[in-house]
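For reference, chains read A, B and C in written order, and residue numbers begin at 1 within each chain.
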Amino acid sequence: MLIIGEKLSIIAKRVREAMMKKDKGPIQEIAKTQWQQGAGMIDANIGPAEDGGEDLMQWMVTTIQEAVPLPVCLDTTNYQAVEAGLKVHNNEWGRPLINSTSNDPERFPMLELAAKHNSQIIGLTVGKGGLPADAEERAGIAAEIMGRAMEYGVPLEDIYLDPLVLQVATSQDHALKVIKAVRMFQELNDPPMKTVVGLSNISNGCPKHIRPILDKYYLTLLIYEGLTAAIADAHGVAETAKTIDIIMGKTLYAHSYLEM
Amino acid sequence: MAFVIPKETYSGKVYPVTIGTGDNAVTFGGENVLPFNGFEGSTPNKPVIAYEIQDIPPSDWPENVKKPFEAVSGDPVKWAKHCQDTLGARAIALRLTGTHPDRENLSAGDAAKTVKDVLSAISVPLIILGSNHAEKDSQVLVACAEAAKEKNCVIGKAQEANYKTIVAAAMANNHKLIAMSELDINLSKQLNILITQMGFDKERLITDPMSSALGYGLEYTYSVMERIRLAALAQNDATMQPPMVADVGMYVWKIKETQALEADLPMWGDLAKRGVLWEASTAASLLISGAELLIMRHPEAVQAVEKFISEMS
Amino acid sequence: MALTGVEIFKLLPKTNCKKCGHPTCLAFAMKLAQRQASLDACPDVSEDAKKLLGEASAPPVRPITFGAGDKAVKLGEETVLFRHEKKFVNPCAFAVEIKDTSREADVLKTIEDVLGSEIDRVGQKLRVDAILISNASGDPKALESVSRLVSEKAAGVPVIISTTDAGAAVSALGYFKDKRPVLFGANANNIESMAKAAGSFKAILGVTANGLDELISLTEKAKSLGTEDLVVDPGARKAGGIIEQNTIIRRAAIKKNFKSLGYPVITFAQRDDNMLESLIAVAGVAKYSSIIVLSSVTKWKSLALFTLRQNIYTDPQVPMQVEQKIYKIGEPTPESPLMITTNFSLTYFIVSGEVENSRVPSRLAVMDCEGLSVLTAWAAGKFTASKIAQFIKEAGIENEVSHRELIIPGYVAILSGAIEDKLEGWKVTVGPREANAIPAFLKSK
């Protein structure tokens, strides 16, 4: 399973300050740690980034790729910033991932960028206004996104469908609906569609000591249903991912499998 | 093939709660089915409506609901007696509005005296409500709980911010307690857990998921109540099994629909009737979603809801 | 059991021809699974597939269109028992009864009231939807003459003809040809002739029974006579009985897929006491009635019932939104503080409640963010510095307040600098993160 290291987010104070001051140190340090702990891609979340988004994304992509040999997940609603980031992305270490398109017309142009720059893209299964009620509605939106992707010339293999994980503390019923959606998404194409979640959303708003527990068990269930990728803190989930891979026979067991 | 009624057998049951003392004590809760679903279980007690009164004159109530109490609302004792003796109230809810720091800022001692005076004048159960100022309530309600010792009153409302002292006071003086959270089923469960972890008996609790008026978020209260009741019955979740209170009057009598003149909004029709129906229909909706105890203001609205309740079975 | 989108997809032509208006057959299949599309839209689907899909996709509560044209109302199609699970689909219709014993002037007055009942609430147009003409006189001529009057004066309003006399029904229904009226009053004694009368005018048949067992035998009988568009009255008239019967009907249809009860329910709420009648109607709105019959059109009664219907039928997944504007709380002066938040209704109710609590007269700018809460709206790019600045500029608030200070929610403290850059001359103050800290914050200002 692909872990997309999530620690580089503007919501975190330390990261935000580094972004403002264009201080490479903390960014690279976090990216390195994520990489060492098993991340196969690094998420760069610069928020809505209305002002100077293009510069900021370019700076983030190059700063990250200077430090780790990984592709970057470009996480912003700002179209120009995504395009700027794609232009400087070093594809030698893997293709970038746009986060994200959805069923909101404002986000359709992201597909154009994916096609133009040969990028992968996340399809978040929400529309304009309102959350999807259940797994079926998520799958319905997924099918629309897939249809649109074909029109824009984005191959279905390049799409990661994201069912939108919600907080268990406030939207408990969605925890199971998302798991069901991950199963349904895969049935939408052959070969199965790829899937991704923002894992830590599940425990958002919960007491600190409970969060890793919720994240870990939720991830276990999701992987069992076939999840392809998770945006998560590699530190917290690598152990889970590696252990499930062993149990499911995806990697060969050795006493030191956790250290690999 | 004969039709077999698809019945649900719930494993859980709502705790019955008795308030007051002697012949005039009342009990609500105790059912093991959803409201008005008597065909698949038992509803031993009908919902109870308490008349709301205040420790100070209701200067912030709209004219239409002030009027029925004009002659008595200057004095909480007279007001309480009027509700009991003339209107036939089964319970009284005394809201200590005057203790709010931005109102008269009456002291905890003042409030305790009012509680004592009202208690000595009535024989029906008393619900003692703070002014919804978390800090002040924790002083006021502690003093009132003591003043009402052994009268089996309801003390309210304990919230996340102030529950500890209020719970301790209710416990020490043998009262029932309202636990309120703001339209969030998970926080409501959490607060009930915290309160019982202090040693407070869960069968003495009443849950307030926070009310809202028709047209002003009623659907949130409605659904939170339905979900709480389903958790109590279908999941047998003991923390969600206390009966629920709907504090209807205070939310209804501050919105535009209960105050705008017909002359200004002719499409809205008669103001007096509109206000009464607004309170009654909000109350009826919340009864249908699970409330067992209602706190209301207008006598005509109370009468209409009483008739509605009498049609429950 | 309904088919999943993928199962339906397997039965479609898989040509992605787009003739159905969807980009792919898969997308169309997903819409079919959610009952948001009709199989008729696909011109190439095979007869076999049609048959299979038709049976599997029949909704548990039969969908029925009552009336024709602009004022037609959709009934049935419900999929859940509790509104928190998923949106209730088709809001119940309110019908007012006109007895054929009424004087012409009274009939005309009621018609006028129905036509004038429409009000606008939070962007929706709400009204008394239908007229029920009852054959209280027992005289076919009286029923016919009121029917004629209604067809002339209330053209387009969906109509229910209530009688147990199939002969009287035929002459009354003649005035509502092709208007999809309901013929109500089929019972054990007259169901053959009533079904025939309804059938010849393409009317919906309303069956009335004393209890569920009788109702089931009647709907089964109607089906065997070829009449499937039904509305049903299980007989209860008191609040408890209405809720009980409606609950059993809805539960049998949805959880057991019991077709003989899978029809929209009509509830008779009429009482001499208008207040009590309203509360009976409240029970019907909350618990599963599709048509509720009232004795009169009364403005205050309508306002409350329309509002409740709107509340109950709100989509629990789509946050209720309040109108974008600057709300005055208390009686603010030009010096009073100005706060901003998003238009998620719960955010608005809680924030405005706390501002009220503070007793500091204030202005609350509520910005359209598609009903998202503050943090979510920010993350989704809807509550950003430039959008806030634009809103403040366009709201004309600069003429209303003498100061230039905007208080923003603590959760978006990060925006304060950017807003000041985009909103020249304004000072941005960061308010509390949680609404319950607002009173202390405002009082300390």
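Just so we're on the same page, a contact is a pair of C-beta atoms (placed from the backbone, for glycine too) under 8 Å apart; a residue touches a chain by one contact, two chains touch by 3 or more.
All figures in this text were calculated on a predicted structure; none of them were measured in a lab.
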Chain pair with the higher count of C-beta pairs in contact (A-B, B-C): B-C
Far-end chain from chain A, centres as C-alpha averages: B
Distance from the mean Cα position of chain C to that of chain A, given in whole angstrom: 38
Centroid distance [mean C-alpha coordinates] between chain C and chain B, Å: 30
Gap in Å, rounded to a whole number, between the CA centres of chain B and chain A: 47
Complex contacts: residues of chain B adjacent to chain A: 184, 186
Partner chain C, residues of chain A touching it in the complex: 10, 16, 47-48, 50-51, 77-78, 106, 128-134, 136-137, 139-140, 142-144, 146-148, 150-151, 184, 187-188
Touching residues (chain side chain A, partner chain B) in the complex: 169-170, 172
Chain B-facing residues of chain C, complex: 82-84, 119, 121, 212-213, 216, 238-240, 243-244, 247-248, 251-252, 255-256, 258, 260, 273-276, 278-280, 282-283, 286-287, 298-305, 307-308, 310-312, 314, 316, 320, 345-346, 349-350, 356-359, 436
Residues of chain B touching chain C in the complex: 2-3, 5-6, 34-39, 102, 132, 134, 161, 182-183, 212, 214-220, 222-223, 226-227, 230, 254, 257, 266-271, 273-274, 276-278, 280-281, 284-285, 288-289, 300, 304-305, 307-308, 311-313
